[in-house]
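Which chain is which? They are A, B, C and D, in the order written, and residues in each are numbered from 1.
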Amino acid sequence: MIDKILPSVEAALADVGDGSTVLIGGFGGAGVPEELIDALIAQGARELTIVNNNAGNAEFGVAALLKAGRVRKIVCSYPRTADSYLFEALYRAGKVELELVPQGTLSERMRAAGAGIGAFYTPTGYGTDLAKGKETRMIDGRGHVLEHPIRGDVALVKAERGDRWGNLVYRKSARNFGPTMASAAKCTIAQVYEIVELGALDPECIVTPGIFVTRVVKVPRKKTTAVPAEAAA
Amino acid sequence: MSYAKLTREQIAARIARDIPEGAYVNLGIGMPTLVGNHLPKDREIFLHSENGILGMGPAPAAGLEDMDLINAGKEPVTLLTGGAYFHHTDSFAMMRGRHLDIAVLGAFQVSVSGDLANWSTGGDAIPAVGGAMDLAVGAKNVWVMMEHLTKTGESKIVERCTYPLTGIGVVKRIYTDLAVIDITPRGLVASQLLPGLTFEELHRLTGIPVLPSGARAAA
Amino acid sequence: MIDKILPSVEAALADVGDGSTVLIGGFGGAGVPEELIDALIAQGARELTIVNNNAGNAEFGVAALLKAGRVRKIVCSYPRTADSYLFEALYRAGKVELELVPQGTLSERMRAAGAGIGAFYTPTGYGTDLAKGKETRMIDGRGHVLEHPIRGDVALVKAERGDRWGNLVYRKSARNFGPTMASAAKCTIAQVYEIVELGALDPECIVTPGIFVTRVVKVPRKKTTAVPAEAAA
Amino acid sequence: MSYAKLTREQIAARIARDIPEGAYVNLGIGMPTLVGNHLPKDREIFLHSENGILGMGPAPAAGLEDMDLINAGKEPVTLLTGGAYFHHTDSFAMMRGRHLDIAVLGAFQVSVSGDLANWSTGGDAIPAVGGAMDLAVGAKNVWVMMEHLTKTGESKIVERCTYPLTGIGVVKRIYTDLAVIDITPRGLVASQLLPGLTFEELHRLTGIPVLPSGARAAA
């Protein structure tokens, strides 16, 4: 019998190695796998490359990883928020590297990793500073930039419900990067609020089929923390 | 002659009036999100949010916020009856794939040829782009909403952007606190000037020739 | 009020022009928009390029379009089935052009059209006859072929249920090419068995959001015709 | 010495025995689909079908066929409890993206270096490829199921494929009616030879050196 459910976030993250690339879901306060991030901090892996839409707010989540000195590089679209002071200080001190990627390209590069696409041409960013040094090509009279996959060693995603085969469904806009990141990593770990019996998820409505999920761990439900509206983008 | 500049809400109301029924629209973050407050109640307009929402509704009543249902600016919103959720990659496919009719974006500068600079003022600030570049190249019509002049009185409509570009030749129309300006092959074409504001004055403030709407190009 | 529902398949197809590229959903007997295809034949548009997984079985569907002499070119992955004799005769007589595309590349090229991707590198087909004349590139030591988008003027898809905003859900493996084709055409026409009130489709489970759908038309429910098992692939 | 070649069902049973619990597996079309009938009941194995099914179950009872639920060969199937549906592009993303552990495919020819020819015999036939090329490059392990010899007695395992290729260097293992043959850097390695079939005879029939499993390469 296949059972991907692990008893704790600690058990789920036990084998994350130094130097790993970790894809972390979430956009604003929605879909952030907070318990998995906390467990990653406790677990101790160092020299991580973190792929996330942002670079951490205040002192929790990705910011706490930064504060703990575990992050070598951040790949994200929007590192500057009202309370991204931890990232800003480390970046200015040259202690963390930044790869800035347009948000859609960030998501599409992970999708390419999951879908076995070697590289793709996108019009996004053509002629801008973010395309500097990248190969370009005119296609149908329009400038395009060549972009390559972003693969994760580990993906940490937050879903609403999961089953022992790893099937997942999400809740509202908390879905965001989860399904794509799940497809793009060697080891995908999902935290869920509910573990349900096989068959309880409608096969027409499963968003992430279990093939993309390595481990599922249940965390206690809590009210999602609001991020200040000024922490925009 | 004197004139009172439009407030942000007034600019937003102008933009809202110009959005036709059935349009698929993204209001970016910041100032353009005000447009949502002014959409005519008798038109069905589909708001898209980059984080996976189509058919986004207004802010919820106080106390009914759901932080799993937020807009691109991370503020709580609602879903209209008939709306749908999807993941980020599908959401940006909608944007990049030219399925949105209109994106309303803020800007630091717009050039006469429609170049857009709205993500970085260069210099020492931490760079951050979000979904701006995807919207700039993706929407069928990119409209800019901004004040006409900087705080120090310089035109934000320029011959050539000096700030880092978001996209090249992408902007079709600019809504400012002074007028509505279309970017056309024959140059800037202005309409809806503030009462009391002359074309000459608008030209002077902009520093670039501005044609009246309906005027013909010189032979 | 936006209402994408049209009263008949005839009305839905009235403006299909000669020379159009028409994406037609379906795989085997599942997801074939039979009523829309029949209406396209009645409508009379000529010199069509048809994109479909197959090239028609027996004398119905795409085969009937072929028989009526409306097809200039077929883009598909599997034109040879047990009863594809109509296509075979026309192909051998030089009366219809064939572009053979690996099935995943066929789907991905339409996805690229819908997602605004200018071109992509895929390992599929590298070193084979189907990559002849195509640009190739080694990426991470592996051969890749450069593939370009397939855009439709019209897409004909079969869904199970739809609403007046064009939101669609499908049934089981009848989903197949529908969602991707819907995203890849200028005008997407969906036939459904049921039209439901706005809000009746769960927003977490809508497969094709209305933004990809131009017109919806209801057709009478009928038992899906079985295709002989020998008509494989 | 005499030996009875394995039937297709016997080959299928061998393959089924080698599929570990938890594997994600695609059985292609035609002969390899027989493997599905032999999967051990005490192992959970996930069958994928290119047309958007994961967790595919066996054929339905007569009279319960649902033609909206078919496999890649267009035959009616069922869905296991816990299975899922998705669209074609997502399905092929699973294939191309190396998420399948095993694909079992038929073949006209396989070369010593793992080249696969299974989609066209060339010549005058209408070409048709389906999902063969996607599976060939996508699955982590491509296993071929075929008769060892053609009807005219020629080996289907060859130095170089003469039929059009499906993929280059993709096949890891071949299950034939005579033996199981692994494609390794040191050449073909055979095991599970039919009782009564010697390595010498297998070598003679194949026309290419075949090493016994566990044998060492010459210095």
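FYI, contacts are C-beta pairs under 8 Å (C-beta built on N, C-alpha and C of every residue); 3 or more make two chains touch, one makes a residue touch a chain.
Everything numeric in this text was worked out from a predicted model, so none of it was measured.
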{"item": "Of all other chains, the one whose Cα centre sits farthest from chain B", "value": "D"}
{"item": "Chain centre separation (chain C, chain D; CA means) in Å", "value": "29"}
{"item": "Whole-Å gap separating chain B and chain D, where each centre is the average of the chain's CA atoms", "value": "55"}
{"item": "Distance from the mean Cα position of chain C to that of chain B, given in whole angstrom", "value": "36"}
{"item": "Where chain D touches two or more other chains, by residue", "value": "79, 85-86, 92-93, 95-96, 137-138"}
{"item": "Contacts with 2+ other chains: residues of chain C", "value": "108, 111, 115-117, 122-123, 170-172, 204, 207"}
{"item": "Arrangement of touching chains [line / ring / star / complete / other]", "value": "other"}
{"item": "Every chain pair in contact, whichever chains are involved", "value": "A-B, A-C, A-D, B-C, C-D"}
{"item": "Chain B - residues contacting chain A, complex", "value": "29-30, 49-53, 65-70, 72-76, 79, 85-89, 92-93, 95-96, 120, 125-134, 137-138, 164-168"}
{"item": "List of chain A residues in touch with chain D within their complex", "value": "1-2, 111, 113-117, 163-165, 167, 183, 198-199, 201, 203-204, 206, 209-212"}
{"item": "Residues of chain A defined as touching chain C within the complex", "value": "108, 112, 115-123, 137, 139-140, 142, 144, 148, 169-172, 202, 204-205, 207"}
{"item": "Residue ranges of chain D touching chain A (in the complex, touch as defined)", "value": "21-22, 24, 44, 46, 48, 54-55, 79, 81-86, 92-100, 137-138"}
{"item": "Contacting residues of chain A [partner chain B, same complex]", "value": "27-31, 77-81, 84, 87-88, 91, 98, 100-105, 107-108, 110-111, 122-130, 143, 170-180, 207, 223-227, 229, 231-233"}
